[in-house]
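In the two assemblies presented below, subunit A is common to both, partnered first by subunit B and then by subunit C.
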Partner chain A sequence: MTDNVPLVQVKNLKKYFPLTGGVFRKVLGYVRAVDDISFDIVKGETLGLVGESGCGKTTTGRTLLRLIPPTSGTMIFEGQDISELKSKEMRFLRRNMGIVFQDPMASLDPRLTIKNAVGEPLLVNGIARGYGLRQKVIELLNKVGLNEDHLNRFPHEFSGGQRQRICIARALALNPKLVVMDEPTSSTDVSVQAQTLNLMKDLQKEFDLTYLFISHNLSVVKHMSDRVAVMYLGKIMEMTPRDIFQEAMHPYSAALVSSVPVPNPEFRGRAAILSGEVPSPINPPTGCRFHPRCRFAKEVCKDEVPDLRDMGDGHLVACHFAGELDLDYKAQIEAQEATITGR
Partner chain B sequence: MDNRQDTKLVSGVFYQLSPKRESFQNQSRTWWIIFIIVVGGSLVLLAGLFLLAAQSISQIGIQVVLITFAIAICMMIILSIKDLKIEDGTLTTARGYALFIVMCVVAALILIPLSLVFLPLDSLTFWIATVGGGLTLSFTGLMIRDFYPELRERGTAGILTISGLLIVFAIVYMTFLAPFITPYLPFSINVGPVLDPPSSEYPLGTTALGQDLLSRVIAGGATMLQVAAISVAVCFTIGVPVGLLASFRGGLTDRVLSLVMDSIFAFPGLVLAIAIAAMLGPGAVNMAISIAVVYIPSYFRVVRSQVLTVRELPYVEAAVVMGARDRDIMFRYILPNVLPSAVVVMSINFADAVLTAAGLTFVGLGLPVDIADWGWDLTSGRNQMIVGAWWVSSFPGLMVVILALGFTLAGDGLNEILTPKLQE
Partner chain C sequence: MMTMTESDNEIHDSQDEIHTLEPDVILDVRGLKTSFYTYEGVVKALDGVSVQLKKGQTLAFVGETGCGKSVTAKSIMRLVDSPGVIEAGEVVFRDRTLDKEEVISDLLKLSEDEMRHIRGNRIAIVFQDPATYPNPVFRVGDQIAEVISLHQNLAEEALVMKIDRLEETLAENPQAPNAEEIKEKISEYKSQLDDPPPPTDDDKKKVAKKKAVEMLKMVRMPSPEEIANQYPHELSGGMRQRALIAMSLSCNPQILICDEATTALDVTVQAQVLNLLNELKADFDSSIIIITHDLGVVAETCTHVAVMYAGVVVEYASTDELFSDPVHPYTSGLLRAIPKLTEKVDRLLQIKGMVPNLITPPTGCRFHPRCEFATSICSEQRPPREEVKPGHLVECFHPQGSVKGRR
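Entry: the complex of A and B
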């Protein structure tokens, strides 16, 4: 399935939101939502993007689909630079892209029946209409576990999980190559979440889809992704094809991993809980963005921005001391495993 | 399906209340009360109409009323045939309605030469009365017949809409037929004693000029309706697109348009209307224009703020991702979600326009004295209140209230029906 051809290449992508004030809307500063990140997404894989709230995950996804224009950097989609494309040219490329939003209620027009909502992409692109459209919509609904009876209902008549599946059906209507999943399961409960995630995996196999999976939930990302990228304050801290739970090499990733709760009431582990607040992206720290909260921070971290270094197997880490630190989160992991195996 | 066809044929209020022999005994008390109110109310209205027509000054009142009924019945038959054809599959719905509109035009065209032949002098009035009245009746019938079963399922909202529209249609019908059903000429003075209280000869009394108030109440709606309809139409067609454009484009366009609208909004409404009406001179259209200018900003502001909210919603972004054009997004996603708010403004606006029109007449910028107008009677009646002549301003005032109520009910109900979310 994976043939190592990058579908998307992002290079030095930046997105700054200007902060304006006063009568003449003078620019007072910038929110550095995404600050110089680069990554590839290979055809057929799932890249998980994980991080705290406000770290720029969603902005990355939205910029990638050109919902908002990037400040600088290039985004290459199937060999074509889309960062500078006009909106008209972009419109045609959009057939290859889909998006699933966090809040399924808000992402469905309350006025459109399910038939119209799912059929809309086919209609606006002139792919199908009339009876053919209806057949296509039924086919899509069947794929996500809904049926013909639901065609003429309105979004408010469905449950959260069903709505999310409708959104997935809509995203798949144009047979896209890339689908951005923007925290698709964070508004549903755990059982529905599992169901939706498995549906997405099945659909990925069936349609040979490429996912950019954005979430703040590490376990979900681990379940879904072939590779995981950890973001912090607009920068990618670590990107690994390995199991992030086992082999986190960046102190921040380690902290994230150890904060995943252990389903064992007797466990009193030393979760490396981070102290302090996330610094403001308007005025980010110099050097390594993580240094004010890092227990291993040294002088060099304040002055020099660490590059992403390859630690083998394409495991990229942006830390001056990658591989040299005793991250000490294994106790947590072992306790988790102990719970799972029943010891 | 059978049931549905039944409703199609004899549907509407009258189907729901139709006496079925086997079910006649076991109806609830509420049903009986509603039955008596609906049937009794319709009969009283019809009897009143025919009584007025029989005693009217025009001599041909009954004939005119009958012609309007004939037109309405013809329309209903055409509609039934159209529906049968659609159910056969020989006609599509859109074509059916197109055919209906064509039939309306043809009926009107046939009636013009007829009226010219039979009534060379009064032909235009006659034509307007019969065709207008007939069409109003047809639309009332159409509404009851086609929309009632559907609206009933919407519960209170449907009932509100239907009653509001019925009130408005009734007043429109009355206004169309006014020249033929008034007992006296509404504008001729000294038809009776001055300030006569309601009596059998002058059912609503007379004004300070000795005019018959009943005739004036029947005929007085014309200006109000004209002014309200024109001003609301102008407001709506200017305010909504401009608001949509401003907020969708954003930037400089938005700033300039907002500034203009805000500066209009900053004036007290009636004062601005008076100033514009004074500039344009008296007359129904000028009144409508001056009222329209005053109310455009309220549409603009409501639409603009709504668009700003809707535009940021994920489903609009989803539409962008699926490759929708700007105009698709504007007209398919944003406008339908904004329109209900505009409709609500419209229903309030109708009532406001009616009241502002009365205000303009009050300061003498409305209409010439010899045209019957509720606003005028309301104003002049104010002076007679002191001498105890309550009827002069009460009855026209009541009509203004009923008309405004009709518009408000219809607007409110429509708003609820047009917004699926509120159905829950």
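Entry: the complex of A and C
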């Protein structure tokens, strides 16, 4: 975190998708994909957004860029409210924003050469043409570890890791301030993932980028992020600049952390296994959305929605009993740390 | 008991050699080679894979995309589709028949009929994507029941079911006019228990369905009777994967192969399924082969690991050994390339380059173009398989780790 100017402020953002049915497409209900979330992203930092599938991570990322319109709430980008902007104004503003999608093969046009794919944002925005465009594209490709020879090739000629780099080059073409990384490495292998993650960290330093890093992989999020937000059923459960993996205060984050398989046999069998599965976001549980699966749940959890409370150092937790629970995984993690450092 | 030498050469006259297996080993893959004949050329997907699975072990095949993990599993099951061909090697399997006799056979030499008896019955497989594998147009219970009635005789079970049913009616109404008849029937059925007659199709179906519900209960499915009557799309991903596991275990297989069985699931559900697998292994007295790219899953569930790279098992060891003392440069690179929850590093170590194209694989050691320790010998010869420590096999000319100190 370089300074504390928020680049993006999101307040009470909601995104409901209507469920229609019957002859007249009557609205039967809503999928509450994102339900009243607020967060800031400070300039130069990486905010990690983590959660299980269907928790609203991707919807949050896309709504932030207004790729899908929000149902309600405000989003302020560099002091300007973008939630009500017209699409033309938005298009202009989107120069400052980039996005890298999960599946690089699906997000690259199979019939555009790399030069055209990476050069398109430059051309559309009238920034470069002709020879200048070519030079600019080569420069971008060099930045992501590709070279001039790749200019006239098509996406299918590249490996998954290279394709993802092309997507990153394209996202960076307009020199954006904010880049949303939507599961950028979930379709790549471990060794390629390491290359991509390192590249993204280098580029962030070089171009002073701000990332919203969305992933379901907690280890990757921890590696990349300055702050981590844990989402569950459309709500932020916990947001912390601390190491969430040691200091999680919400029972859900704690359970999530402990169910990640750690590549070290000494940690075997530490999972505090959550019973059941994520409920449907069409009819989310009342009160705290995690209460049906929470082993600490009491009466109040069923009735009252807990607010995000600051537990010091900007560590926000949405739990009625934050700080009072013995999540009993800390001792285990400390013991594990000891075995690692002792080796 | 030391060397089981059962041969199955009655059927194949070409099969004169007698397969031997060390005790406890239930599956021995020796020099397996599988190639795919494509338009671009011959893809040598497996180039001499050798690995052993002992009774009660959980073995992991781990590696990156295209390293041949799944092809190994499919070759063991002889499910390699055209244009794939299993070109060489042996898959020696120790089967346990009903009367506790042991039959040792090379799966690659069996006829298709015999293989069908092995598949799903003695060796079962759970595939990666739970959304595509259960047939969407049949009820979950019926699909499991089909496997059961196909592979099992069920004569005894059918008879027991008949007796139970008669005894029930008798208990409900002991004064019935036909009570004597029923009692006679029961004693008649009981006398047949030692040598039960083949059941009618109808009985068989009912028994299989009942067993299917039991299997669903085994995999900790809530309200199994209801689930058995539902269609796959009505279940969530985790439940579907459980149903598939139930289907695979329904014939009490010797070996259960899980091909990326938990990859499509969320972490919390994945933890449930992995836990379930470990519990079931003990209940069913089976061995498990887990195919995964996630080293975390390996550390959490497996007893032994085979690390694969470009169609070759480069390192094989027990899990504790492999994670504490990786010897092959690829393994140690892989271990350092994953971001870990338990430590914070600024940069990850990256293995340079990419997985090679298997149509023209690198000469010699297939890892040498990406290896920081490679010398000229690595590009000329394939390294032999060496046992650097007891039970720790490596194919490398320049082993690292603790071995390096000794060389």
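Basically, the second predicted complex is superposed on the first by the 324 of 343 C-alpha atoms of A that agree within 3 Å, B and C clash if a C-alpha of one lies under 4 Å from a C-alpha of the other, contacts with A are read in each partner's own complex, and residues count from 1 in each chain.
Everything below uses one rule, namely that contacts are C-beta pairs under 8 Å (C-beta built on N, C-alpha and C of every residue); 3 or more make two chains touch, one makes a residue touch a chain.
In this text the structure is predicted, and so the values were computed from the model without any measurement.
Asks: Superpose on subunit A as described above, then tell me if subunit B and subunit C fit or clash.
Replies: Superposition result for subunit B and subunit C: fit.
Asks: One more residue to check, A:173. First (subunit B), second (subunit C), both or neither?
Replies: The answer is first: A:173 touches subunit B but not subunit C.
Asks: Determine, under the contact definition given at the top, whether A:28 touches first (subunit B), second (subunit C), both, or neither.
Replies: neither
Asks: When the two structures are overlaid on chain A, which partner does A:19 contact: first (subunit B), second (subunit C), both, or neither?
Replies: So A:19 meets neither subunit B nor subunit C here.
Asks: Looking at A:91 after the superposition, I want to know if it touches subunit B, subunit C, both of them or none. Which is it: first, second, both, neither?
Replies: A:91 sits against subunit B, while subunit C stays out of touch.
Asks: So, A:101: does it touch subunit B (first), subunit C (second), both, or neither?
Replies: Touch partner of A:101: subunit B, not subunit C.
Asks: Go through the superposed model and pick first if A:193 touches only subunit B, second if only subunit C, both, or neither.
Replies: Only subunit C is touched by A:193; subunit B is not.
Asks: Hey, is it subunit B or subunit C that touches more of subunit A?
Replies: C
Asks: After superposition on the shared chain, which partner residues are touched by A:259: those of subunit B (first), subunit C (second), both, or neither?
Replies: second
Asks: Where does A:300 make contact in the superposed view: on subunit B (first), on subunit C (second), on both, or on neither?
Replies: neither
Asks: Quick one: the Cα-centre angle at subunit A between subunit B and subunit C, nearest 10 degrees, please.
Replies: Roughly 80 degrees separate the directions to subunit B and subunit C.
Asks: Determine the nearest approach in Å between the Cα atoms of subunit B and those of subunit C after overlaying the two structures.
Replies: 9
Asks: Hey, what residues of subunit A end up touching subunit B and subunit C alike?
Replies: Touching subunit B in the first complex and subunit C in the second, no residue of subunit A appears in both lists.
Asks: Can you check the complex and tell me which residues of subunit A touch subunit C?
Replies: Going by the criterion above, the answer is residues 52-53, 159-161, 189-195, 197-198, 201, 216, 218-220, 222-224, 243, 245, 255-257, 259-265, 267-269, 271, 273-275, 277-278, 333, 336-337, 340, 343.
Asks: Mind listing the subunit A positions that touch subunit B in their complex?
Replies: 62, 65, 67, 91-92, 94-95, 97-99, 101-103, 106-111, 120-121, 124-125, 154, 156, 167, 170, 173-174
Asks: In their complex, what parts of subunit C are in touch with subunit A?
Replies: Residue list for subunit C touching subunit A: 64-65, 236, 238-239, 266-272, 274-275, 293-301, 319-320, 323-324, 333-335, 337-351, 354-355.
Asks: Residue numbers of subunit B touching subunit A in their complex, please.
Replies: 313-315, 317-325, 328, 333, 336-337, 419-421, 423-424
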